[in-house]
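Read from first to last, the chains carry the letters A, B, C, D, E, F, G, H, I and J; within each, the first residue is number 1.
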């Protein structure tokens, strides 16, 4: 699967050049969250975006074409993540998942919060007790319909 | 495991009485997110809180004591959740997990976002294209330290 | 989990009374597909529907209330289904899943076919070589959006 | 396993040349569903078909021979699919699988819907609320027989 | 799941009464293989057969009705069987499965041997070196078709 | 593991040369079932047999030596097979496994049917309703002994 | 599954009465290894043996009949054992399994050591550095045969 | 992991040269069981032993150094072994594991049989009914201690 | 498994009576670590200890006997723990496990740190930045021996 | 993932040069525990540290840059470790995990012991009965907070 190869090239180039995702995102006029996901092989770029990314990371024309193909998504190597940072989010679902389900149903009725019509925003919040990470997940509510 | 029995009693009483989590939370002067998690067997209540919960859900004295014991946490019956609403959050981690990891490290360096020194807020956001769910995850950044 | 108990009661009553799902559905003026899913514990009924179902299957008032609560969905006991009829559908995904992915992306671009804004229709098609099952899956296309 | 290599070559050639599955299918006078599955390593081609595919994707004579060998089928890398588009179909089985089982048995008695004597048709359906994906699954009913 | 209860009743009655599957089968004028599978909860009986089985094993009218409902099939508690006798058959598939695949495809082309339009016969074969078990598996070949 | 490499060479040579397993077997004066299993890396050949196989498939002297080493057996990549043809045999065990167990114990007492002192025969059976696959499994009964 | 119930009754009676497996075995004139396995639900007893066991452990007539039925074997609740004593044997297979395979093949050729025509003997061996457990596994070699 | 490479080199050299483990062991004046395990990457050799092994199998100086590093142990590719010979040992634990546990505790009290302070001896035992494999497992009993 | 029932009784009694493990341990003149493990069903008590425990937790004579039987150990319901506190220890092994392996081998050579001849001590350490948990794991080094 | 390549280079260089982790740590003026973990790909080094490590292990400039990138952590290839030394620590969690949970909650209330604000110290303790490994785990207690 060649998109994986392009992802590895991007990551290697980023490490070697000392680039920042926020700067890459700025060049595309898109959020750092979406652009990082795209560079990590989770999103599809259009021709213009693929060209910019290719320039930033010294990618070939072939690589550029792969960036424009919808990838096979899913960025984790195991069903339960082993990396401590990522695991904490899995744990949040394990501890608070049924809570989230109850509260969304209480507010909206039967349905789900979309993970497709979805956006995410991640910010540092200064705090004298130690700075905090603030992540906003925002997704459309999709109701189950009777038929 | 007796805390599970208390959780089932609470859920059954809620269904039979037609209660709302938001109203239960209001009686404890705490967020609906924390209180729902506590009622679902994920958090520990103090004596005063346990008494209020017991009154709301018609729990026995024994049940009340169980509410004050730190529970064995984790509310999902399978490693990969099968309920569509909860699965969407698992999918967010699968698709955006490596993105979150990259962005937190870019901003803070090596470490994690705490799932313990953590709070969550869930709100409905009106939208003419269909209302949206907005979830804020807020956790302290904990750096790995050299030793 | 009490919704499970109600589901078992419904199935037992259906077997004992010799009812048909199509007839149950007719009483609700809804499709047999949605009504069967609801009776099997996958959908949420409104008060009026729950009352009709309760009458058909001799359910108690408590049972009736459970029918109106959004259930924890997922009707299969194992990740890979063992029942031969259900397994065939799992096999279709295994053999044709990547094909479906390619064709939807070719037609619509990056996104998914919704399993929530979704309906299903199952019919017998007479055929001299042996009658056939015809299943129509119809779901809204949801595009990934840049942000 | 060399058929995998041929599949990878086909996918790469398609990306580089910007081909469409529908156009490839037209050259074989077969459905886009069957042809895509065949190109993705799930079906067996005859000599004439293999020749056409080889020309389209610049395959070698050796590759062409592999296309005519019955492949080891199954196109998903994990038991539970991680790609969001493919997962939605797994979720449909999880939510509606027991419903489908009930309705087929109600209509046909004990048996299964064949995944071999089977065809599939995928179409875009225009809809002012957002276009929809319509997938028709059509398989022969095979009854269990007493012996 | 009530069919399971009926299966347990049948097994217990068989042990207590010292019955033989071959004798049970004789009363239904069917093979011992099909009848045993039916009694173990894998096949559906018609009204007349269910009545005979109910008499043999002292089942109630309710039990009799369950015998006439298509069961949820699959008789093994784990994906890889632990019982030594059953495991040997799993091992045969592991060691000879690819061989069977090659030989069926060599003889018939692409397709499968049906496990539905299928029958099985199990016999003791006397042998001076130690008697042998002889099992004949007989299933219709179902070809994949182009569409 | 080098035996795997030899197996791949054999399969590739067979595809390229258009050989048939039945013809290969004829050259060894052994059944097509055993010879195919051996070529697929499940059985051990003696020097004379390895020489014949090496000639047929253009193998090197090193390859020939590997054919004479007892291999690490087991030809399936996953615990539950995904290939539809092979899965049907797994399903037979799932549906009929407890039946086979009951019938062997009824006939022979406690013990197993050997998968080692075992042979298999696979034949096409002409049938106007569609030809059938007939597989005979023949294994020695091995009783558990008290000690 | 009723044999499990009999096993639990036997274990409970043994604990309450303070019996020793060696003494139970002596009453059957069989090894402590076989008798313990039989009492733990892994072996089949004849009528006379079942009667003696029933007397020792105060079992009912029904229980006695279950002891004479070939059980569904396999005494471990998980694929990888968690009990430290039993795990050590799993570890021996993990560390020395390929060694055992090599040495048996070197001595006997292709085949297996039977786990059915098998006996086991477990003894304490006094040792000034700490007493040792000595376990002898003795099984018939079964060769793979060509056919 | 380079020790794996050395193991593969050793196995390949053994096959090509037609060596026997027993002869290799003789050159080290150690048991064939320990030496085979060491050659298969499970044990650590000292400098002198590594030199002898390197000469026998034509290993490089680098390979020799790897033999002297404590390896990451565990020689099986799957949790439940698929090779029939190795599986039989897994089955012995499954059938007799609880028996072994009971008998060791009856004789020694709470503790385990060490898999580290452990030795193993494998011998052929001639038998007119078919030769047998005799394996002696000998490990120190380690008691749990109160503290 | 009756020891589980005794464990549940002990935990329930502890919650109802508001006891502390440290106080229970004091009555046995043993560490709180060992006594808690014993009460949670992981260790074997002698007659005198079982009597004291039975008095503290109001256990029956039968319960008392179960406390004196070596239990089937392993206190976690899933292979990867879901409770956040326990998971952190699993994570320590995942992150630092290979480090511990390297350092023990560097210091001691090939072998293991015993989990049987083992003791553990858990203390609170006051710290102005937030109190800390200090856990000392102390186990005998057991060397692999050549044989 | 290139950090893995750097880890392999470090391990290979260490074996070839006969280095000791303790000596490497001394050059960084940090503990052997942290430095080993960092060299094994679990920690992030700063520029100065990466330079020293690169010199010790003859790493390239590119490798040096990878050492400064936060790695994807988790050093074990399987969920349940197979290496005997590492498994013992998994077993400690399995046997003592619930004990640790009880004692920490008894002392501190609801919360966890951090695996991030954490340090570890591993020492040999001389003992006439056989030297012992002494491991001190020291982590900050993090309380769950109400919100």
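Basically, a contact is a pair of C-beta atoms (placed from the backbone, for glycine too) under 8 Å apart; a residue touches a chain by one contact, two chains touch by 3 or more.
A quick note: this is a predicted structure, and the numbers were derived from the prediction, not measured.
Trainee: Weigh F-G against C-F on C-beta contact pairs and write down the one with more.
Mentor: F-G
Trainee: What chain lies farthest away from chain B once each centre is taken as the mean of the Cα atoms?
Mentor: Between chain B and every other chain, the largest centroid distance is to F.
Trainee: In terms of residue-numbered contact pairs, which of D-E, A-D or F-G coincides with C-E for over half of them?
Mentor: More than half of its contact pairs match C-E, so it is A-D.
Trainee: Would you mind pulling out the distance in Å between where the CA atoms of chain A average out and where those of chain I do?
Mentor: 41
Trainee: Could you state the distance in Å from the CA-based centre of chain G to that of chain I?
Mentor: Here chain G and chain I have centroids separated by 29 Å.
Trainee: If you average the CA atoms of chain H and of chain I, how many Å lie between those two points?
Mentor: Here the centre of chain I sits 31 Å away from the centre of chain H.
Trainee: Show the residues in chain C shared as contacts by 2 or more other chains, in ascending order.
Mentor: 33, 72-74, 76, 79-80, 82-85, 91, 94-95, 101, 105, 111-112, 114-116, 120, 142
Trainee: If you go through all the chains, which pairs of them touch?
Mentor: Inter-chain contacts occur between A-B, A-C, A-D, A-I, A-J, B-C, B-D, B-I, B-J, C-D, C-E, C-F, D-E, D-F, E-F, E-G, E-H, F-G, F-H, G-H, G-I, G-J, H-I, H-J, I-J.
Trainee: State the interface residues of chain I toward chain A in the complex, per the touch definition above.
Mentor: Chain I reaches chain A through residues 80, 82, 84, 87, 91, 94-95.
Trainee: Of all residues in chain B, which touch chain J in the complex?
Mentor: Answer in residue numbers: 30-31, 33-34, 43-44, 70, 72, 101, 105, 109-112, 114, 116-117, 119-120, 142-147.
Trainee: Flag every residue of chain E that touches chain G in the complex, lowest number first.
Mentor: 8, 11-12, 15-16, 18, 78, 80, 82-85
Trainee: Taking the complex as given, what residues does chain G use to touch chain H?
Mentor: 20-22, 32-33, 36-37, 40, 42, 73-76, 79-81, 83-86, 88-108, 111-115, 118, 120, 122, 124-125, 127, 129-142
Trainee: Which positions of chain F touch chain H when the two form their complex?
Mentor: It is residues 1-2, 62, 65-66, 69, 72-74, 76, 79, 115-116 of chain F that touch chain H.
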